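The following pair of complexes shares a single chain, chain A, combined with chain B in the former and chain C in the latter.
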Partner chain A sequence: MSMDIILAQTVVNGLMVGMIYVLMAIGFTMVFGIMRIVNFAHGEFYMVGAFLFAILYGSNGMPFAVSVLLAIGATALLGLLMERIVFRRFRGNELNGMIASVGVALILQNSALLLWGSSARTVPPVLSGVLSVGGIVFPWSRLVVIIGAIVAVVLLNLLIGHTRIGRAMRAVAQDAEIAQVQGIRVDVIFPAAFVLGVSLAAFAGVLMAPVLSVSPFIGLAPTLKAFVIVVIGGLGSVPGAVVGGLLIGLIESFAGTFVSASLSEILQFLVVIGVVLLRPQGLLGRKEREA
Partner chain B sequence: MNPSTTKPMSYVAVAVAVFLAVLLPWFAPNQFYIHLATVGCINLMLVLGLAIIARAGQLSMGHGGFALVGGYVSALLSMKGWPPLLTLFIAGLTAAVIAAALGWIILRLRGVYFVLVAFAFSQIVVLLALDMSSITGGANGLVGVPPISIFGCVLRAKPQFYPFALACALTTLLLTWLLYRSPLGTMMAATAENQRLTESSGIDTHRVQVIAFTIGSGIAGFAGALSTHYLRFISPDSYTFWESVSYLTMLVVGGRDGVLGPVVGVLVLTPLPELLRSTEGLQHIIYGTMLVLCLMFVPNGLASLVQTWRSRQRVARTSAAVVAEEVT
Partner chain C sequence: MKRFELVAVLAASVVCSAARAEDSVTIGVHASFSGAGAAFAEGMLAATDFAAEDVNKDGGLEVAGKRYKILIKQYDDRYRAADAVTAMDRLMIQDGIHFVVGPMGSAAAVATKDQTTSGKVITMTLAFTPRALGADAPFAYRPVITTGEFSDPQVAWLAKNTAAKQVVSLLPNDETGQQIGVANFNSYAKAGAKLQVEYFERERVDFVPILTRILMKADGLELGGNSPTTAGLILKQARELGYRGPVFVTGGDVAAEMLKVAGKDAAEGTYVHLPIDTSLPDTAAYVTRFKAKYGQNMNGFSPFFYAGLQMLFTAMKKAATVDDTTKIATTLDGLSDVPTAMGKAGWTGQQKYGIKHQIDLPFYVGQIKDGVVTKVATCDVNACR
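And then the complex of A and B:
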């Protein structure tokens, strides 16, 4: 393989992984920005989404679109349930909310283990074949992930930027109390934001299911990535999550191809330490308001 | 165990509990119970380390990472021929130094960032242990770690190791209790209560939190090393994120204030994994459920129930005395 091809493949892989991280990090950072809850269970919703898709599409052969919608819908419902039962009580209580989310992560991961077993499942690719542009080939299975994620991010941006509920969410993120005074129904916004965040995680899981294998333990790694990305990009900042996600994806892909996978992890950690030292509010984050 | 409520009765209770713990090898039906008690002692040290960090208002999700560092340091040095009794302390010191450096950098930020970076750190430790296989043995870990020997007595079997583990745990418990009563302990509690106000009273809260993180992680390093010499084995799987979570569960279920909470948490939750060993998933679900339920209904932990009951009794007694006085 010539250098061009390796480079192109590395970029495509980096973008694919990066876009998945972007989806994860946006959901995570939204839930934090609006509910002030660090959701350690975020990756478990990714896992549930991936599992449901694997069962519906891979094992039962249901049509692709139906499987995607059902998988995301069911995960969103699970998210709504968790918000109702658990997270609602810890709104604004950062420390206890975080600990509770760890409990939820334990419950979800191990319920999946009991229900579906520990063996990894593979899902057939949605599109096979390759796209060749100027002699360089890109596998469609990976392009699908990138395109799907970009579509989701653009739709989300429209939702947050140009709709009533999006405006309300931004207002609540800035100051929940003042937003309530202005007549925004905070009781609706909180679950809506949580379900939206969870759905993004589930969608990321659905997209990744055909590329990776699915098991109950796949949730922790993307959660860790979401953490790293939001620290780099700025906690609560959606553009920061996009920049941070792509940065981490590309670092991972390049370091993984040319040096070693664990070096890339260490490099990412050093980037985090560097950001914390030099620009504590994150690359695109605002300074924490003095409460 | 709030110092102000410490009464002669509690001293008697503590003495009885210690006495029973010391006597355990004589009335334990079999070695398994001694093993369980040893694991409990090690868990207690880890949870106390976490409690000290929590005392200063922080939460460490990377606690297992420091235990892993300690375990590897002590295992590697003792396999080179260093006396394990010495390497235990070197392990604790190494973990403390790393925590001090990391804490100095990340504790300048508000709570959530600290949690995220500490969590990321523990994952890096696991990766390093996996990756540097020429030193750490990679995924297979290190087998045949030398046992601890004191004054020529080799602590190889369970009944011999237990007294040493108990002594370590009780010493940690005593030191933690003393720490809580010291001026530094007061500063830690004040920092947790209201960081801004404490800062404005002229206390360097950043320093207080770094010290708490250093002490707590140092204890984790020591306990990790202790466990490694007990099991004579360490691998990257010995302390994963889920181990950190189980210490956190013990702390929250037991209670975050005082030293009684960690003891209660460890007593309640250490036997659970052993009872449910056949269904590992179920055990974690129970841990998770207990964690969530405790946060919802007893946010101050099971130990707080004892305190509530005690103060209620005191109120009842005083009102009874008042009534008696009025009658006479």
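And then the complex of A and C:
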């Protein structure tokens, strides 16, 4: 295998992982930006989405599109329920909200363990085989992830930038009180943002289920990555989440391919420390205003 | 008069509850019920559950003319050494337990060794590290066969039968992974092949970047030492990258779970360590019983713990005590040819570990063909045939 091919392969690997991190981090950062809650249960919604898709598509053989919609829809409903019961009470209360989210994460993970068991499940690939271009191997299952994630990010961008609810979300993220004075119903925007974030996590789970495997414990690693990414990109910044996600994906891929797996973890945290020291608000984040 | 009756009833209930407490033996299960190794933990718990069920249905364990009901108490160490110490403290101090099925992982076994030794708690560990056993841990037993026992003969057989010379291995970067990495490296060297070991953090699920690099020059992929889920993921991703060479899993019982994760096509032809022989009637009965009760395929380590508990109960009966763990351990050490669910078992390991606390049973090499594991060789610590 020549160096060009390995480089191209490494970029594709990095993009795939990076795009999943982007989906996770966007949801995570949106919830923080709008509700001021660091949601450590975010990865558990990824897990629930993946499990539901595995059951619908993998075990019951339902059509792909129906399974995707049902898995995301059901996870979104669960998110709405959690927002109503738990997170609503902690809006703007960052510390207590974070602790509550850890509790929700444990409840969801252990509920999944009781309901679906500890055994890993596999989901048949949506597209199998590999696309071979000039010696570079692209597994179709991974290309589906990249394409799916790009479509989701574009749609989200359109929603946030060009729709009434998107503009309302941006206004609430900037200043909830002023937004309310302007007639924006923040009591609708908060749950809407939370459900949107949860849906993105569920979609990431759906995309990754056929590539990896599904078990009650798959949520923790993506949550930690999402946290790292939003610190790099800037808490509350959607473009920052995109940049941070792709950066971490590529670092992971290049370090893992050319140096060692352990070093890739070290490098990611060195980047986080560097960003926190040199640009505390993150690469694309805004500085908090002094009171 | 009424006051006297009340006192009498209270006194009687205290006496009765004390008698009930005296007539039971509690076995602790100390394992990682959450995380990637949960399948192992569930196998250990099921073995304890079955052993207790069997004894209790006959009225309890008869020791020195008294019958003891077997109770179970379980704790999750979450695959972390610090949590393992806490869980062991709870079992020993809070629950006053003298017999423990576990610890499960190597880090947990090493971390709790001093505790269990000073507390004279008899443990039955799944830890693969050689440090789990030794003359400094006279109460630690291992009822499963580890890399130290099966690595040399299996690797020699695999190297001879597949002609692999440049083998790569991926292992978790912890006590378990590093011990297995060293053992496998030495075994491959003895068999005339070179093993390159790459370590990764246990939380990792995407192995494609590492595989892209290490598979370039490899003619064999060794996955022994990984959890079943991880082994399946690595295998699946290696096949996706176009790797078509032989795959070996010279450790653990991963076949069933690995097949589920990797799929039948990716797993085809993979050589796996086969800890049990289901052609033995008692072993087959255990497998059927597990499937009937839990509705899923059994982890292959489970019957080893059942066999270990059968040996422990035999030792308790012979030692005529359920409290004096020193006497029970001495009796357990002297047992040989004990009929168990896995065949006749005894203890070995004096030369290797400085103490005869390693279970002595045959093991096997299997190959996955069309989604089914077929036995292709029978082994002991000297050779596979």
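As a working rule, the second predicted complex is superposed on the first by the 287 of 291 C-alpha atoms of A that agree within 3 Å, B and C clash if a C-alpha of one lies under 4 Å from a C-alpha of the other, contacts with A are read in each partner's own complex, and residues count from 1 in each chain.
The rule we apply is simple: a contact is a pair of C-beta atoms (placed from the backbone, for glycine too) under 8 Å apart; a residue touches a chain by one contact, two chains touch by 3 or more.
Remember, predicted model here, so these are calculated numbers, not experimental data.
Participant: Could you classify chain B and chain C on chain A, in the superposed arrangement, as clash or fit?
Facilitator: clash
Participant: Once the structures are superposed on A, label A:F217 by its partner contacts, choosing first (chain B), second (chain C), both or neither.
Facilitator: The answer is second: A:F217 touches chain C but not chain B.
Participant: Is A:S262 in contact with chain B, with chain C, with both, or with neither (first, second, both, neither)?
Facilitator: After superposing on A, A:S262 lies in contact with both chain B and chain C.
Participant: Figure out whether A:V230 sits in contact with chain B (first) or chain C (second), or with both, or with neither.
Facilitator: first
Participant: Now for A:S253: first (chain B), second (chain C), both, or neither, which partner does it touch?
Facilitator: Only chain C is touched by A:S253; chain B is not.
Participant: Have a look at where A:P139 lands relative to chain B and chain C in the superposition and call it first, second, both or neither.
Facilitator: After superposing on A, A:P139 lies in contact with chain C but is clear of chain B.
Participant: Of the two partner chains, chain B (first) and chain C (second), which one does A:L113 touch, if any: first, second, both, or neither?
Facilitator: In the superposition, A:L113 touches chain B and chain C alike.
Participant: With both complexes overlaid on chain A, does A:E83 touch chain B (first), chain C (second), both or neither?
Facilitator: A:E83 sits against neither chain B nor chain C.
Participant: Which partner does A:V17 contact after superposing on A: first (chain B), second (chain C), both, neither?
Facilitator: A:V17 contacts chain C only, not chain B.
Participant: Just which bits of chain A does chain B share with chain C as contact spots?
Facilitator: 109-110, 113, 220, 224, 260, 262, 265
Participant: Touching chain A in the complex: which residues of chain C?
Facilitator: Chain C residues touching chain A: 33-36, 38-39, 42, 173, 198-201, 203-206, 208-210, 212-213, 216, 228-229, 232-233, 240-242, 257, 260-263, 296.
Participant: Quick one: in the complex, what on chain B touches chain A?
Facilitator: For this pair, the touching residues of chain B are 59, 61, 105-106, 108-113, 115-117, 119-121, 123-124, 127-128, 130-131, 241-242, 245, 248-249, 252, 279-282, 284-285, 287-292, 295-296, 299.
Participant: Any idea which chain A residues touch chain C in the complex?
Facilitator: 1, 6, 9-10, 13-14, 17, 109-110, 113, 117-122, 124, 130, 137, 139, 141-142, 212-213, 215-218, 220-221, 224, 252-258, 260-262, 264-265
Participant: What does chain A use to touch chain B in their complex?
Facilitator: Residues of chain A touching chain B: 32, 38, 40, 86, 89-90, 94-96, 98-100, 102-107, 109-111, 113-114, 220, 224, 227-228, 230-231, 235, 260, 262, 265-266, 269, 272-273, 276-277, 280, 288.
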